[in-house]
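Chain nomenclature is as follows: A, B, C and D, assigned in order of appearance, with residue numbering initiated at 1 for each chain independently.
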Amino acid sequence: MRPFTAPQLNPATETGWRRQWFDIIYRHDTRPSRNFDLLLVYAIIASVVVVMFDSVQRFHAAYADWLYVLEWGFTIVFTAEYLLRLVVVKRPLRYAFSIWGIIDLASILPTYLSLFIPGAQSLLVVRALRILRVFRILKLTRYIEESGVLMESLWRSRRKVLLFLFTVITITIIAGTMMYVIEGPNHGFTSIPSSMYWAVVTMATVGFGDIVPQTVLGRFVTSVLILIGYSIIAVPTGIYTAELANTMRDAEHAARRDARGCPHCGLEGHEPDAVHCRHCGEKLPPVFNV
Amino acid sequence: MRPFTAPQLNPATETGWRRQWFDIIYRHDTRPSRNFDLLLVYAIIASVVVVMFDSVQRFHAAYADWLYVLEWGFTIVFTAEYLLRLVVVKRPLRYAFSIWGIIDLASILPTYLSLFIPGAQSLLVVRALRILRVFRILKLTRYIEESGVLMESLWRSRRKVLLFLFTVITITIIAGTMMYVIEGPNHGFTSIPSSMYWAVVTMATVGFGDIVPQTVLGRFVTSVLILIGYSIIAVPTGIYTAELANTMRDAEHAARRDARGCPHCGLEGHEPDAVHCRHCGEKLPPVFNV
Amino acid sequence: MRPFTAPQLNPATETGWRRQWFDIIYRHDTRPSRNFDLLLVYAIIASVVVVMFDSVQRFHAAYADWLYVLEWGFTIVFTAEYLLRLVVVKRPLRYAFSIWGIIDLASILPTYLSLFIPGAQSLLVVRALRILRVFRILKLTRYIEESGVLMESLWRSRRKVLLFLFTVITITIIAGTMMYVIEGPNHGFTSIPSSMYWAVVTMATVGFGDIVPQTVLGRFVTSVLILIGYSIIAVPTGIYTAELANTMRDAEHAARRDARGCPHCGLEGHEPDAVHCRHCGEKLPPVFNV
Amino acid sequence: MRPFTAPQLNPATETGWRRQWFDIIYRHDTRPSRNFDLLLVYAIIASVVVVMFDSVQRFHAAYADWLYVLEWGFTIVFTAEYLLRLVVVKRPLRYAFSIWGIIDLASILPTYLSLFIPGAQSLLVVRALRILRVFRILKLTRYIEESGVLMESLWRSRRKVLLFLFTVITITIIAGTMMYVIEGPNHGFTSIPSSMYWAVVTMATVGFGDIVPQTVLGRFVTSVLILIGYSIIAVPTGIYTAELANTMRDAEHAARRDARGCPHCGLEGHEPDAVHCRHCGEKLPPVFNV
């Protein structure tokens, strides 16, 4: 994603329509470029809605032709956009092999492939990935800052979460094996992987009820698993909340720390109650309206 | 809602019964006005209970007539109250088109409409909205302050929550499409919207069990969805808790500290009962009505 | 409960066996009184286990006589303890009508009543209340301090939780009514109270699956209810966590604030970085090893 | 586990192959020892996967022979490793009776036992315990520090969690008994232990749906149980989050602040890069290896 935080114009075409389209597609601060972004968001959402509608038997039976036309319409629009991006940017291959480039390509290819491979129903999944493209546009709005705080907290807590995930998988394996032995295939615990699926569903408090313990021992183990699992599965919330509170306090702290620079050595970032520079000892100017 | 934080008396009727009723309905600090509020709360709760009872087949069969009479009784009382509010207030239209005015009207209209439209069972929903009116009365009690802290935290975290909701919808679309392709209509995943409903029910750990994965791949994807979903769905709790802790700390902080700076060394943040600067011993200026 | 934090000896019997038993029952710092507490906890747990076993068809069929004897054994022991408490304490009526006194009586009465009322199966509930008595003993151990922090946080957040409960009930009523109208009795939503039960089960992410939406609109409303409900039901965790963090920080703060008293005016509770008394300006003694 | 934080070489064999193998098995900072650790992790994961596969009917039918061979292969490898550990270490018995030694033995014994005891399917559970051995290796990596923060928070909150667990069990007993009396064996609540299993499943919001209240009173009690239970079950998250935030803040605090006091005014808590007191401008003593 990094290459596209600041994509560069193709230098061979500094002027003319390419220059104009580059500004429209890659910049986000002019009126035409904003309209382009908005149009794209609408087109993406509409195309995903079409995919959804097409999967409903009733709508498919009634409007198959219309939905087929719409699908092709969106595909052509997105193809045009994809080609335009390639033509206009300085290093087309870098775009083509970036995450966004691959998603862009993946969201148009299935329609063309369905011409050759008949029952390509499974390509539906790929088309739904189009919705991810909305994030690219969103990324450039004011949500980026909020997203930054959320992401930094997730990043800070990554090791704790990995440790947690490994613990959960371990408990899942042991609980799954135990229940497979206790309940057995007759009660729905047909294999260890099935039992592990049940253990995940139970520990995360989803509890579908398709597989259920029926023996007394099985129910006791389940109760213990739920209580243990519940305590453990609460941990990521705790981790994340604590990290988020930390990130937010740091941000606030940084904002609150006054902006006074030392008149002698220039050091900034003094505590609000500082009277002297902590580096050279020079008297600091007083704080106004803090 | 804002126009009603301080509604004004109809100036043409500064005296007489209108003045009296204005005080009773719109003020909340006199004895009659408090009794009026209390009576209204009881009437609202009773009327909602009547709607509930009426929906139970057994009660409807046995007490249909009584419930009918009660329903009309409440409707007449609320109609009288609605008209009174219109007559007494300075700008009746402003009230009529405010949120509370519309809820007031919506909670009496269905009974009248049921005279003309026979099978108007769906109007029941609107009658249940009456319960919202209790909030208007509650709003004026000491709960308003608590509500303020809760609301400010919600407001502060609105962008993070929107970002979260959009992420959830994206995961729902992708997971729903995947499961539709993997499991197919034979296992209950009849369409992408159905699969998305299942994905929401699963990710939020509700897990009804009406639609359930049956293939090995489907169960694996479900386990992953649950673990990812669980981590992600923990985020709003984290966000909200962190914001709430912040709001509460700020309020507490602001209440505890006074803004006096030491006239000698400039140190701020003295305790409210401090007479001398805790650092240099200089006499502090007195605190004014803090 | 307050009268029993410091129960008084019956003054007419300052000496003899009553004195001894008072010390054993109401004090908790001597060896015999501790043994008494422990014995009581074991007896309570054993008696509750007997009630549980008796409810299992298989055990009841096989060991009915033994369980009957055990039940009477425990009843006699607890009756003796109850009478002893009454005899030994200064104000017997005050004990008899306190919460603990009522629980004590309620846990022995059912067995006697079952002599006269044959099918008194429902008295089982009351017998299980015996388990509550363990809290009385626990209350006097080192857990009391921890419990204090938990309780103060719950108490601090009581108004926020009430506001939250009222909001949940309002959403339950509105969602229940909507689903009753949308799905109707044919899909299991037989009445508004039934629908409200479903709404609580769904919002709290329990999701039994006994009642389930089957129409497209119903599923959409359910998805929205789950997402809204999930955000709202996260609030108590947030409230409680924030309050708990506050309570814990206050306790820590109080412990960290140094114990230096001003040598001139005697004021305590200075900030750790204070050099002068904030009240009289006198120089404070330095802080040692903080 | 403590004896193995620093296991000692068998002194009688300071040189030769034993010395070499001691370094490979018990040290973790040389290249061969790291490769050994990695190999072991792969072998453990592979052996657990084999146990899982073997439980799936389809795979068992098709590859029974291969899986049998693999199982014996892993058993021989782990046996060799177990014997090596015994031979090389100074106090073999201390290792043999440590938690890790028992797990090591327990993970090889079942395969040998299955030669003598035919239908020893239940030994599967023990084999799955092998996965726990990965923790031993993980323990020595950089995850240990993160784990320390998580563990300290768990440890700090142990009493609160115990108190919480006891409260949950009490509610479970009372709610289970109530529902047993209200719903009775005909609606699936066949005994008090069964009802308690249902109460745990419901309170923890798992909600399998295999046992479900069917009377009006039962549904009302369930709704109340869910709401009460939900508030209470949120407590451990709160406790843990608050403790974790505390632990993390303490660690950060300790890391960020140095302990230098100003020699002139005594102010403490200077930034690590401070040269002069931020209050009086006095030169601070230098920081030593912080």
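List of remarks:
Just so we're on the same page, a residue touches a chain if its C-beta (ideal position, glycine included) is under 8 Å from a C-beta of that chain, and two chains touch if they have at least 3 such contacts.
Fair warning: this is a prediction, and the values are worked out from it, not measured in the lab.
Repeated interface: B-C and one of C-D, B-D or A-C share more than half of their contact pairs by residue number, and that pair is C-D. Annotation: A-D is the more contact-rich of the chain pairs A-D and A-C, by number of C-beta pairs in contact. Centroids built from CA atoms put chain C at 42 Å from chain A.
Here the spacing of chain A and chain D, counted between their Cα centres, is 29 Å.
Among the residues of chain B, those touching two or more other chains are numbered 193, 196, 205-209, 237, 241, 245, 265, 267, 279. Within the complex formed with chain A, the chain C residues making contact are 205-209, 237, 241. Residues 48, 51-52, 55-57, 121-122, 124-125, 127-129, 131-132, 134-135, 138, 142-143, 146-147, 149-150, 153, 161, 165, 168, 193-194, 196-197, 200-201, 204-210, 233, 236-237, 240-241, 244-245, 248-249, 252, 272-273, 275, 286-287 of chain C are the ones touching chain D in the complex.
Chain A makes touch with chain D in their complex at residues 159-160, 162-164, 166, 169-170, 173-174, 176-178, 180-181, 185, 190-193, 196, 202, 205-209, 212, 216, 219-220, 222-223, 226-227, 230-231, 234-235, 237-239, 241-243, 245-246, 270-271, 273-283.
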